[in-house]
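There are two complexes below, and they share subunit A, which is joined by subunit B in the first and by subunit C in the second.
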Partner chain A sequence: MELTLFYLSALVAIAATFMVVIQCNTVHALLYLIVSLLASGFIFYLLGAFFAAVLEVIIYAGAIIVLFVFVVMMLNLGSKTIEQEKQWLCPGIWHGPAALCAILFAELLVTLMRSGAHEAGRIVESKTLGIALFGPYLLAVETASMLLLAGLVGAYHLGRPLRSGS
Partner chain B sequence: MTADAFAALLPFIVLSAAAVAVMLAIAIRRSFRLAFWLTAGGLLVTLATLPCALSVAPAYVTGLLLVDAYGLFFHALFLLAALAVALLCLAYFRRRDNENEEIFVLLLTSTLGALLLVSSAHLAMFFLGLEVLTISLFPMIAYSVRASRPLEAGIKYLMLSGLASSFLMFGMALVYGDLGVLSFEQIGASGAELGQKPLALAGLFLILAAIGFKLSLAPFHLWTPDVYQGAPAPVTAFLATVSKASVFALLLRFFTTVHAERSETFLCVLGLLAVVSILAGNLLALLQDSLKRLLAYSSIAHMGYLMVGFVAAGLLRRDLQAETIAFYLAAYTLTSLAAFGAISAISDDARESDRLSDYTGLFWRSPWLAAVLMLSLLSLAGIPLTVGFVGKFYVFAAGVQAETWPLVTTVVVGSGIGIYYYLRVVLAMIRTVDTAFLPAQSLHPAAGLVLAVLAALVLGAGLFPQTLIDAASQTPQISAGAPKGNRHSAP
Partner chain C sequence: MASIPFEHALLLASVLFALGLVALLIRRNLIVMLMSVEIMLNAAGLAFIAAGSRWGQPDGQVMFLLVLTLAAAEVGVGLGLVLQIYRRYKTLDVDRLSEMQG
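Coming up: the complex of A and B.
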């Protein structure tokens, strides 16, 4: 049963990712990307990594995709924008992602109905994760902070407005 | 945290603190000189902590980092190289007085990335170190945001290194999926049956592809000339030396610890990469008339020579392998720093002097600068009396002793072609032109100091290589003295 669920959500993930790649329209591609991320979140859930699944949904499907959409929307400033956005929202484009989401939703319902007897993997709680991050992987966390510092300074330097002269 | 772990971590802590200190100093008061002095001070203090770390080496710190003599040798090399690059930056960015202090923060973080990479003993640290290095390098490459070429180079580097990182991630995922472990040592423990683990082997090849990209080995080299040409000259110097040397040092540590060399296929692939890199690098360098592009192709060829040393010495003895790689990387770092330093010294932020025509008659305009550039080119070509010759001799001797004739032949052919294009630059420099119209090159004291020291080192280590050889052979067989789990007894 677990295996069927896994293969089904893996198929959804692959189909959605494939659609991301072949779409010509960025916003349509983003719709499929959300589905792809939800599907991989569900796979994490099936493996017992609840915390990773939740993070996948909140951070990737939530925050990062919203950021993407904002950037895409903001880049297309101009006279044709309104026409273009109308075109993006043409009815029918939601059919594909919605169908894929429906499959995932059905899987979720099935899993919840079966009242959580997980054969695959072992359940990793957020507490275990926290202990791992601040125990054996402490240096990795610290290094990641330096990585963020470098990224921040670099983004600041590249992104600051150019002064003429000075 | 025990006192030993703290001592082993001290270089990393000091370097991170220096990066944060420079950032805070910039936030409080923008002063280019202050940022430079803080950076130089941070690098020197980090150098001073290395003996302290050496006193507890070899030591594992939380299983992610292995601080040993091999890593510390490269730490010293990279810190000195970063110091040279900081001095070159001071000279190069002197004309821009608005907001260019960030380069020093990025220089410190990327040096930290290189240090972490060399000392990593775990795939997680390997990835993070590489990312710290890459993410800091990409704004450095695109640093002169007003010009289009650095931006183009920066975007190219970002895209392609993102691709390489995803290969690396996928490779690590495959290795973990098959073996269930992430530390090098534990992967090595299952190294004997690596041949029967196709997934892990595929993962290792994917990791090799990512490393090949970073080293710009031949099939993965396409970004190199554009990025080298577009980046500001001091950044190119850093990219060519610290970035590549750290990845190569990691390559040696990783692939010997996981016993990848036991697989015949693996050695064949590495040998093939070496041959293709040497030929492609040297042949394409013939066509260039930009000195930076020429040096980019020559660096591809040099990575090929190093790979020959890696394969050949690996077939012989493990300690010889570490010694060959350490010596060659040190020689290559010194020489490349001198070459790019000379380019940097006659360029500034307004204009990159990288056409060959910029160098015509340079010898008559500023003989000392031309002499340094000439010396570094001769060292890259492997002419005796320079440190490059001793490095190439190591590779050649290892190749002959291991009887890897195809590799040795390629090295000979490649060096032959190399002499032609290096001498082309040298001849352009000593050609007599009417110098009346050309301005004399003024040399910034910081750049002059760096070039003088580097030239002295290239010549000194070429004439009396014993000191450097001793230092390189002190880098003992990797993890041989590791506190636990020494599994190198099998042939």
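Coming up: the complex of A and C.
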């Protein structure tokens, strides 16, 4: 059963990623990318990495995709916007991502119904992860925080408006 | 309880990585290229998670966390660059940004 769930979500992930590659419209590609990341999160759950699954949904499918959506929204300020809006509102575009999401949702329901032991990998608990993070990997965590600070400052610097004359 | 074969998880990670690499090579839109970089980082994280689950060690998830941090920082700076490029050149086509004759 777990193997069926794994192969099904693997198929969903590959199909969604393939659609990201061949989509011409950036927003449609973003939709498929969200589905791909959700499928990856489900695979993490099946592998027994619960904390990583939660982080995948919150950070990847949440925060990073929201950044992409913001940039797409900021760049699409033109006369074409109204036509694009009409295109977005017409049904049919979201059928593919919705179908893939329905498969993932069905898998989630199946997993929730069968309470108890339903992982197909060795469970690594969040407690051991936290002990490892703040024990032997403490320096890596500090370096990651410095990296995030550098990314913040760099993004702020790059995102400022252009001065006239430069 | 049947456990997921390690090879199949690695196979899935490599297929996702290859798809991201193909997208990076064949697409010329800067935003889609950044998205394909995200796909590749996600595939690398999947390989780490699979390895951590295979041996029951937390190191795989620690590495996934670091990859996640890297992806977040990278996408912030990358999208800032995309905004600057669009302001200066009014296009996101990387083939038109060939001033350095690369």
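We take it that the second predicted complex is superposed on the first by the 146 of 166 C-alpha atoms of A that agree within 3 Å, B and C clash if a C-alpha of one lies under 4 Å from a C-alpha of the other, contacts with A are read in each partner's own complex, and residues count from 1 in each chain.
As a convention for this text, a residue touches a chain if its C-beta (ideal position, glycine included) is under 8 Å from a C-beta of that chain, and two chains touch if they have at least 3 such contacts.
The structure presented is a predicted model; accordingly, all values stated were derived computationally and were not measured.
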- prompt: Given the touch rule stated above, what does A:A150 touch, subunit B (first), subunit C (second), both, or neither?
  reply: both
Query: Does subunit B (first) or subunit C (second) touch A:I64, or do both, or does neither?
result: second
- request: Determine, under the contact definition given at the top, whether A:A102 touches first (subunit B), second (subunit C), both, or neither.
  value: neither
Message: Taking the superposition on A as described, I'd like to know which of subunit B and subunit C A:V110 touches: first, second, both or neither.
response: neither
- request: Going by the touch definition up top, name the partner, subunit B or subunit C, that contacts more of subunit A.
  value: C
Query: If you stack the two complexes on chain A, which partner ends up touching A:L139: first (subunit B), second (subunit C), both, or neither?
result: first
Message: Let me test your reading of the model: by the given contact rule, A:V21 touches which partner, first (subunit B), second (subunit C), both or neither?
response: second
Which superposed partner A:A13 touches (first subunit B, second subunit C, both, neither): second
- prompt: Same subunit A residues contacting subunit B and subunit C, which ones?
  reply: 137, 140, 144, 147, 150-151, 154-158, 162
- line: Given the complex, residues on subunit B that touch subunit A span 9, 16, 19-20, 23, 61-65, 97-99, 102, 105-106, 109-110, 112-113, 116, 124-125, 128-129, 131-132, 135-136, 138-140, 142-143, 145-146, 154
Field: Interfacial residue positions of subunit C with respect to subunit A in the complex
entry: 1-4, 8-9, 12, 15-16, 19-20, 22-23, 26-27, 29, 31-32, 34-36, 38-39, 42, 45-46, 49-50, 52-62, 64-66, 68-77, 79-84, 86-88, 92
Message: Under the stated contact criterion, what part of subunit A meets subunit C in this complex?
response: 1-3, 6-7, 10, 13-14, 17-18, 20-21, 26, 29-30, 33, 36-37, 40, 43-44, 46-49, 51-52, 55-56, 59-60, 63-64, 67-68, 70-72, 74-75, 117, 120-124, 128-129, 131-133, 137, 140, 144, 147-148, 150-152, 154-159, 162
Message: Considering only the defined contacts, which subunit A positions touch subunit B in the complex?
response: 136-140, 142-144, 146-147, 149-151, 153-158, 160, 162-163, 166
